[in-house]
Amino acid sequence: MSATTDLQPGRSGPRLSAAVRRGALPWLILAVVYALCVIASADFLTWHTIRLQLIQAAFIGLVAIGETLAILIGHIDLSIPWTITLTGIFATNLYAAHPHEWVAFGAAIGIGVAVGLVNMLGVYVLRVNSLIWTLSINLMLQGLTLIYTNAAAPTTVVPPAAKFLALGMVGEIPMAAVLWAVCAVIVIGALRFTPFGRAVYAIGSNELVALVSGIRLGRVYAAVFITSGVMAALVGLLLSGYSSQAYLGMGDDYLLPPVAAVVIGGSRLAGGEGGYGGSIAGAMTVILLEAMLITLNVSQGEREIVFGAILLALAFLFLGRSRR
Amino acid sequence: MPDAVLRAENLTKRYGGITALEDVSLSLAAGEVLALLGANGAGKSTLVKLLSGNILPDGGSIAIGGEGRHLTSPRMAFEAGVATVHQELSLFGSLTVAQNVLIGREERGRFGHIREDASLRRTEALLAEIGVPDIAADARVGTLSLAQRQLVEIAKAMSFDPRVLILDEPTSALGLTDVHRLLTVVRGLRAKGRAIIFISHRMEEIEDIADSVTILRSGRKVGAFPRHSFTRERALELMLGETQQQLHAVPPPPAPPDSTPPILQVADLRLDGRLNGVSFDLRPGEVLGLAGLEGQGQKDMLFALFGLFRRGLRGDVIIRGQARRASRPLQAIAAGLAFIPDDRKNMGGFMFLPIAHNVTITILNRLRRFLFLDSRQEKAVVSALIRQLAIKCSSADAPLGSLSGGNQQKVIAAKWLAFERDIYLFCDPTRGVDAGARETIYATIRDLAAAGKGIILYSTDMVEFPILCSRVLVFRGGKIAGAVSGAEINEESILALSFRDTGTVAA
Amino acid sequence: MSKMRDRLGEHIGPLCCAIGVIAVVALYAAYQPAILSAFGIASLANASVTLALAALGQTVVLMTGALDLSIGSEISLVNCFAATFMGDGTTSIVLVVIASLLIGVLAGAINGVVVAYGRVAPLIATFCTSFVYAGISLTLRPQPGGSIPDSFANLLTGNWGLLPFSAVLLLLAVLVIWLPVFRSRLGRFILAYGDNPDSAFASGIPVRRVGMAAYMLAGLFAAIAGLFLAAETTSGDPSIGNVYTLNSLAAAVLGGVALTGGRGSMIGPILGAILLSIILNVLSVVGISAFWQDFIEGGILILVLGLAGIRLLRAQSWTSLLGRSQS
């Protein structure tokens, strides 16, 4: 009969209730994880500890902006770790030589835009699978960073603005959290209330339909990957400010956690469903989980197992099922 | 009938809220060819999928050789003795004929390795047995013609030595010579005592081969007769039902006067092998039908106009006097074209997104105030279109996928009504659509024509041409085989043009 | 005529790789004639075999139209396991080898269950499991170390005149695993499933078990690669396999394996792996600093993937271009 039936059995149609549940679920998960943290250590009740976690969560949350967009259009960006490191090292070195804030931030934005464009080139123009392409770009950026640091050792001279954004306080609230909140409002607004947002969901739902509906795919892809690149570059600068130096491997912890944050936040890995609101809860969850595991003296290896397994479980439960 | 090989009783299948098949029973004896007739969406394919183990029934039972069976997978159906040749061919292009025919049942040696030469010989024997020894068993299936693949598919089904063979529209894409050849093969199988379910839209084939005929309409069995009491008129009447009959009463929109300058001119359009020099004009207010057997280039024609072919298109497309041949949909949209596809799931709409977002996807820039979408205006546009097209939905925020096929199609049409274009390309818009939605789509087409739009309608349902079109181009082999207009538009004249040339093979 | 072009198109990948290998080796030999000695050949072979094995594993999965991003982690896992538990005695060696192979198959089986039965998209599933396997390696062996008995190391890395044992290992893997599989129904099913999954289901092929078998085979090849790496480095390193995930993909694509499934050979990926390994090897010998290695490796990957993408871009219609993208 109708063309909407499939040959293979065992598929479910769209579920409304699932979408509703997903709105609240990330925050529920966050509450549970926070409760577990408090059980593990009463320190998690103090504002001091919470503040520290909030700063960490802000870093993850900021890169998760790009990751959320990438995942919403049905792709992924795994070039974040070495975009962070390259930017951190390159921009601070440049700042050491030319001590103007705009030099450092300009360089960071430049790197972010360049990485975004290269990602867009591979994923949109050449139609290489984004996971593979961005992972390869990550490797290339790693090489680029190594080549660069071979000629110039990382510096401890960091732009004060980066330091302020990472460590400063507005009253009792960390500056990083304020920055995160501002960016979050912009992203959520853009996704919900602008043509760009509609186009993002359209492409993630069905790229061919988006094409025949007159959506300019290339522009949306470029906007998404450039945003992701720029956010990663910005976090690279912030992280240098946070540790008062840039160093090799500073972005290594940003491969899986941003993806985990987005997925825990309820966005479908296949694209088209979700949003940034959940990713905020996701970023906090990821950071708290990590902090809890460290408190419990869980080794790095075991932490990786836990994260991989959680992501897998979420993908299995409802988020990353293949559509085919 | 004590000797029924296959007996299905009270089969029912529902998809969501839609009942695809209700209470259908049939029985089939050895050496009998049962023809299954019905319009598009009558439930034939659902019945086939049930009998071949691709889907499970919501009610009813299937017995094969007198034994009740629960067919949970295609494999189970094979083992029970039911082999099916599906409409969408199930062959592997990169494997050879022999590898395809014997997939899973290859001749094996002592170590479990496949004995290629023995498999090849067995396939050759099978091909000879069904009467097609000229297909090479070691040819790659990807290199064969559609007709040859159809025969390979039958050989594959026969390799199971089935008691029941189901052929789901095996002739729909074949030229006359190939149809005759296939029917000869089917006759041979009947003589060997196989029970065969034969599905076709073509009456003459059914008269030629069937021992009994069962007719479905809207998921129900509406008639069954032995061959001697079968007449085309009666069958057509049962297939079409009352709603369809009434449609004939409505005259098509009038043809625009000859003096009107054309809005679209197509000259010698070619696309390697699929379009072989197509030329025609379209005037504002005209509904131009594209007819012919499936796969003769009608769909390619619409795809080409809408910029869905990135390369390889030759010839001229002139819109309002300007050359506007498109290689991207955006160019086509900018030139004033709108496209309503038949494949709703893959090309038509965003199934997971709200209805409202589906409708306004084409007018996002128009709805933008400064940076943001004007949600009040959006709501107004959407609810006006929902009312105009009588779209049945709980709210405009419900996901498109939650609607019935007909309402989905209305939403897809609505997005091009929201963004008004000059030329509307309808690609089989009523495929799998219920009667009510059909009426709405027909009315929409009429309204568009009355508003002076140019409309091209490709349909696989021939009853639509006489009631909607003032002119119909019949395609065959990527060319226009002929045109009929006005009162001459009817199924007979279209079929005559579709079939006049014998021996062409669709590729 | 079209048949000939069809056949040529199928062999163009391996052919180019073979020409590439010869060209690079010739250049290499001109620069450093010692490479054509027994020792030189053995070292080139040793450098290529791990990647060749990984590429074979990747190819099996690619042929089903899926992907395995956990191959590198599986290699690391087996490598760490062997270096941690292998003792000097023959019994210990044999037991650990068997256990290592089983671990590889088990890891593959987990991938298979998640993808074929859990219906999680292959890329995501294996991306997640790669972290689980990497985590296990890291827990097993937080720092590189451990030991491998000399007897085992020599058995795999030595040479017999001009014939390196590593090449024999690869040949054995092909003869004992690859050929039997692809001469049997399983191999036919893998190709058929990759060619057209819906047809495979409709043809009664047990598609889930086939998908699962492909990942198990990939795990088995990864395990052999991990064991060989253990013998070559005589130690375990939890990150030693990382590079093989993407490089195995590059080698397979270079060797003409389609990312869309249904096609692939054994010779193509092996040649692709040899070509890739020798190029990387040459770079260090020619005196390009190690700092350039990652950059060039990434560059080659992007080039290969980009070329594969361009091949896809020849699609005539937008429907086939956008319909074909994975993930």
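Order as written gives the chain letters A, B and C; numbering starts at 1 within each chain.
Convention: a residue touches a chain if its C-beta (ideal position, glycine included) is under 8 Å from a C-beta of that chain, and two chains touch if they have at least 3 such contacts.
According to UniProt, the chain labels map to these proteins: A, C = ABC transporter permease; B = Sugar ABC transporter ATP-binding protein.
Fair warning: this is a prediction, and the values are worked out from it, not measured in the lab.
Arrangement of the chains shown, judged by which pairs touch: all-to-all, with no pair of chains left without contact.
Across the structure, the highest number of inter-chain C-beta contacts is found for A-C. We define each chain's centre as the mean of its Cα atoms; on that basis chain A and chain B are separated by 44 Å.
With centres defined as mean CA coordinates, chain C is found 30 Å away from chain A. For chain B, the set of residues touching two or more other chains reads 54, 308, 329, 346-347. Residue positions of chain A with contacts to 2 or more other chains are 7, 208, 211-212. Shared interface positions of chain C, i.e. residues touching 2 or more other chains, are given as 198, 201-202, 318-319, 321, 323. Per the touch definition, chain A reaches chain B in the complex via residues 1-5, 7, 9, 13-14, 16, 189, 193-195, 198-199, 201-202, 205-206, 208-216, 272-273.
Of all the residues in chain A, the ones that touch chain C in their complex are 7-8, 10, 74-76, 122, 125-133, 135-144, 146-147, 150, 207-208, 211-212, 256, 269-270, 299-309, 311-312, 315-316, 320-322, 324. For chain C in complex with chain A, the touching residues are 67, 69, 114, 118-125, 127-132, 134-140, 142, 197-198, 201-202, 238, 246, 249, 259, 289, 291-299, 301-302, 305-306, 308-310, 312-313, 318-319, 321-327.
For chain C in complex with chain B, the residues that touch the partner chain are 2-3, 6, 180, 183-185, 188-189, 191-192, 195-196, 198-206, 262-263, 314-319, 321, 323. Listed in rising order, the residues of chain B touching chain A in the complex are 15-16, 18, 20-21, 41-46, 49, 54-56, 219, 306, 308, 329-330, 333, 339, 341-353, 357, 360-362, 364-365, 367-368, 371-373, 375, 398-399, 401-402, 405, 408, 415, 419, 431-432.
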